[in-house]
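What follows is one structure encoded as C-alpha cells, with my remarks underneath.
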Amino acid sequence: MATRLSDTDRIEGFSDAVFAIAITLLVLDLSVPQPGRFAAGLLEEWPSYLAYLTAFVTIAGVWVHHHSVFTRVSRAEPAIVILNLFVLLGVSLVPWPTRLIGASLRDGELADQSASLVVFAVPSVILALAWFTLSRALVRRPHLLAEVADTDYMRRNARRTLLTIIPTVLATGLAFFAPLAALAVYLLIAAYFLATSARQSAH
Amino acid sequence: MATRLSDTDRIEGFSDAVFAIAITLLVLDLSVPQPGRFAAGLLEEWPSYLAYLTAFVTIAGVWVHHHSVFTRVSRAEPAIVILNLFVLLGVSLVPWPTRLIGASLRDGELADQSASLVVFAVPSVILALAWFTLSRALVRRPHLLAEVADTDYMRRNARRTLLTIIPTVLATGLAFFAPLAALAVYLLIAAYFLATSARQSAH
Amino acid sequence: MATRLSDTDRIEGFSDAVFAIAITLLVLDLSVPQPGRFAAGLLEEWPSYLAYLTAFVTIAGVWVHHHSVFTRVSRAEPAIVILNLFVLLGVSLVPWPTRLIGASLRDGELADQSASLVVFAVPSVILALAWFTLSRALVRRPHLLAEVADTDYMRRNARRTLLTIIPTVLATGLAFFAPLAALAVYLLIAAYFLATSARQSAH
Amino acid sequence: MATRLSDTDRIEGFSDAVFAIAITLLVLDLSVPQPGRFAAGLLEEWPSYLAYLTAFVTIAGVWVHHHSVFTRVSRAEPAIVILNLFVLLGVSLVPWPTRLIGASLRDGELADQSASLVVFAVPSVILALAWFTLSRALVRRPHLLAEVADTDYMRRNARRTLLTIIPTVLATGLAFFAPLAALAVYLLIAAYFLATSARQSAH
C-alpha cells in the first residue's frame, strides 16, 4: 500500500517550507550599527550584504534543483526520505556561517574571517554529498522514477552535484589569504548552480 | 514536457511561505524596554509600532499583488523563476530596515534615523524593479499567460509598479529632515498599493 | 471571473503559515539563565512558561477558529482579504507581549509586569475586532457563503467574538495588582475560546 | 457535515509548517565565537553541534512519525485536533533546551549542563504522552480511521510511543554525571525513532 508519506508531494511541501524559512531567516544576520554612525556603519557592512546575497542564491539554487530532481520521482521509500533530510540539514545550516562571516568582517581578524569562510563551505559540502547519495539511491531504484529516461538524469546529476565540491574546496583555500575573494567565488558557484538547475528543470 | 517546477502553483506556494515568514518575523523587531520603566518605555516606542505597521502593510501588499499577477500566469520558464526570486529577495529584506528604524528612533540621532529610512526604500526599489522586469518578461512571453487579454494587464502592471519608485524616492528625500513624516508616507504608499492590488485581483 | 486570490484556500494557506510561524517563534521568548545557576534559574522562570502556554493556546485557538469561519466561506472579495489581514496582524503580534511578560517577571517591578500584561491584551482586542468586522462583512455578503444557514453562524460569531473583549478587559484590570492572576485568566479565556471553536468546527 | 477543519490534510499542513519552522529555527542556537579566536572557538563548540544534530533528528523523527499516524486517519474530531496541538507543543519547545545545552557547555558548570539535559527530556516526554493519548483516542474512534486494521496499528503505536519514555528517563539520570553521554543517548533514541517510523510508514 502506498502511504501518504511516500507521496513526494508531502516531501516537497515540507522541504519547500524549510527552504523558505532558511532563506528568510538570513535577514536576522544583517546587523544594526552603533548609534551615532548609522550611515557610515551601514556602508562599511557591505561584505555582510555580499554574504547575505551569496547565502540567498545558494538556498534558491537548492530549491530550484530540488524540484528538478523530485519532478522525476513519482514514489518515495524510507531511504529517500532519510537522504532528503540530509539535504534539509545542509540548507538549514546556511544562515549560521552567514552570521559568522558578518561578525568576523565587522569585528574580527583575518584568521576569524578565514575560519568563517571555511565554515561557509560546510553546508555546501553536506549538500553535495546529500545530492550525490540521493541521486545514486534513485539510480538504484528505477521503480521510484517517473520515466525510464530519468535514470540517466539521476546518473548525470550524481556526477554533477559531486563535482561542485571541487570549486568549493578551491574557494576554501582562497579563504586563508583573501576572504572576500573566496566569498565572491562562492557567489559565482551558487549562481552557476542556480542557473543550470533552472535550465535543467525546463526540459 | 511541462515540469512540476514550471507549475506556478509551486512558485506561489514557496513565495507565500516566504511572505508569511517575513511578515511574522517583523515581531522580533519590537523591543523590550529597560526594567523599571516598561510603561513609559512602551509608550515612547510608538514610532517603532508605526515602522512595524508600515512593514506589515508593505509585505501584505506584495502578497496580494503576487496573486494578482500569478493568477494570470499558467506556466513558468526559468527566467520567470529567477525574476520571482528577485521579488522574494526584496520581501525578505523588509524586516531589516524595520529593525534599523526602531533602533535609530530609540537611541540614535537624526542622521541615524535618516539613514534607516533611506534603507527602508531599498526593498521597495528592489520590489519595483523586480515586478517591472517580471511583468515585461511576461509581456514578451504571451504563451505563458492564461488569456490573451493578460498581456495588457502585464503591460499596465509593468508601468504601474515602476511608477511606485517615484513616491518612494520622494519619501527618501523627506527622510533627511523629517524621518517620521517619511515613515508615514511609506505607510500611505504601501496602503495604496495594497488597496489597488486587492481591487485588481477581483477583476 | 473568479481569480485565484479570491480562493479561500489561498487565504487559508497563507494564514495557516502565519499561525504556524507565530506559534513556533514563541520559543525564542524562553530565556537562558545565568551560568552557575541554571537549575535554580530555570525553576524561577515558571511564570514565563505560563506566558508561553497562554500564547500557544491563544494562537492555537485562532487557528481552529479561522477554519471554523473559512470552512463556511466559498469565495472572497477584496474586503474579506483585507479584514483577514487584520486577523493576521493580531496573531503575529502575540510573541511580543509574551517576551515582555517573561522579561518583566524576571527583572522588572510590579509596574513593569502590569504594563506587560496590559500589552498582552492588545493582540486579543485586535483579534476580537478583526473577527467581529470580518463576520459582519460576511453577514452582509451572503453570496460569499457556502450555505444560506451560514449567515446565522456569522451573525452569532460576530457577537461571540466581540464578547471576548469583556473578560479580556477585566483581566487587564486585574493586571495592575496581581499580574500572575491576570495571566491565568488570559489562559482560561484562550482555552475556553479554543474549546468552543473546536466544537463549533465539528457541526 | 464534515468540515474542512476536520480534514486531516489541513491538520497535516499546519503541523508540517510547525515542524519545518522548529527544525530551521535550531540554527539560531549555533553561536558566534569571540573575535580573535574564531577557529579555536568554533572547534570548542562541537558539543553544541551534537545538540543541534540531536534536535534535528528528534524533530525529523516526529515529522516522519506524524505522517505514519495521519496517513491512517481519514477524518478528525475536536479531540484529535486538540491532542495534535499537544504534539505541536512538544515539537515547538525543542529549540529551547538545544539553546540551553549550547550555552551551558560553553560557559556553564556541570550542574548547568545537567539541568539543560534534563530540560531536553521535557519535549520528548510531552511528545511521548501526546502520541500515546492521540493513538489511544484513535483506538476508541475506529470510525475516524482509514481501515479496520489501523486500530491494531494505533494500539501498537500507543504502546511503542509510551515506551520511549523509559530510555529518555534513563538518559536523564546519566545527565547528572556525564552530560555529553546523555546527549549521545538522546541522539541514539531519536535516530532509532526516526528509522523505525520511516520503516513503519512504508507498510
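First chain written, first letter: the chains are A, B, C and D, and each begins at residue 1.
In the analysis below, contacts are C-beta pairs under 8 Å (C-beta built on N, C-alpha and C of every residue); 3 or more make two chains touch, one makes a residue touch a chain.
Please read all numbers here as calculations on a predicted model, not as lab measurements.
A centroid comparison over C-alpha atoms places C as the chain most distant from subunit A.
Shared residue numbers account for under half of those found at the interface formed by subunit A and subunit D, and the copies are therefore classed as meeting with different residues. Inter-chain centre distance (subunit B to subunit D, centres taken as mean C-alpha positions): 36 Å. Between the CA-based centres of subunit C and subunit D the separation comes to 25 Å, rounded to the whole angstrom.
For subunit C, the set of residues that touch two or more other chains comprises 13, 17, 21, 25, 28.
If each chain is drawn as a node and touching chains are joined, the picture is one closed loop, every chain linked to exactly two others. The touching residues of subunit D, when paired with subunit A in their complex, are 12-13, 16-17, 19-21, 23-28, 30, 32-33, 35-39, 42, 56, 60, 63-64, 67-68, 70-71, 194-195, 198-199, 201-203. Residues of subunit D that touch subunit C in their complex: 1, 3-6, 10, 13-14, 17-18, 21-22, 25, 28, 77-78, 81-82, 85, 88-89, 92-96, 99-100, 103-104, 107-109, 111-116, 119.
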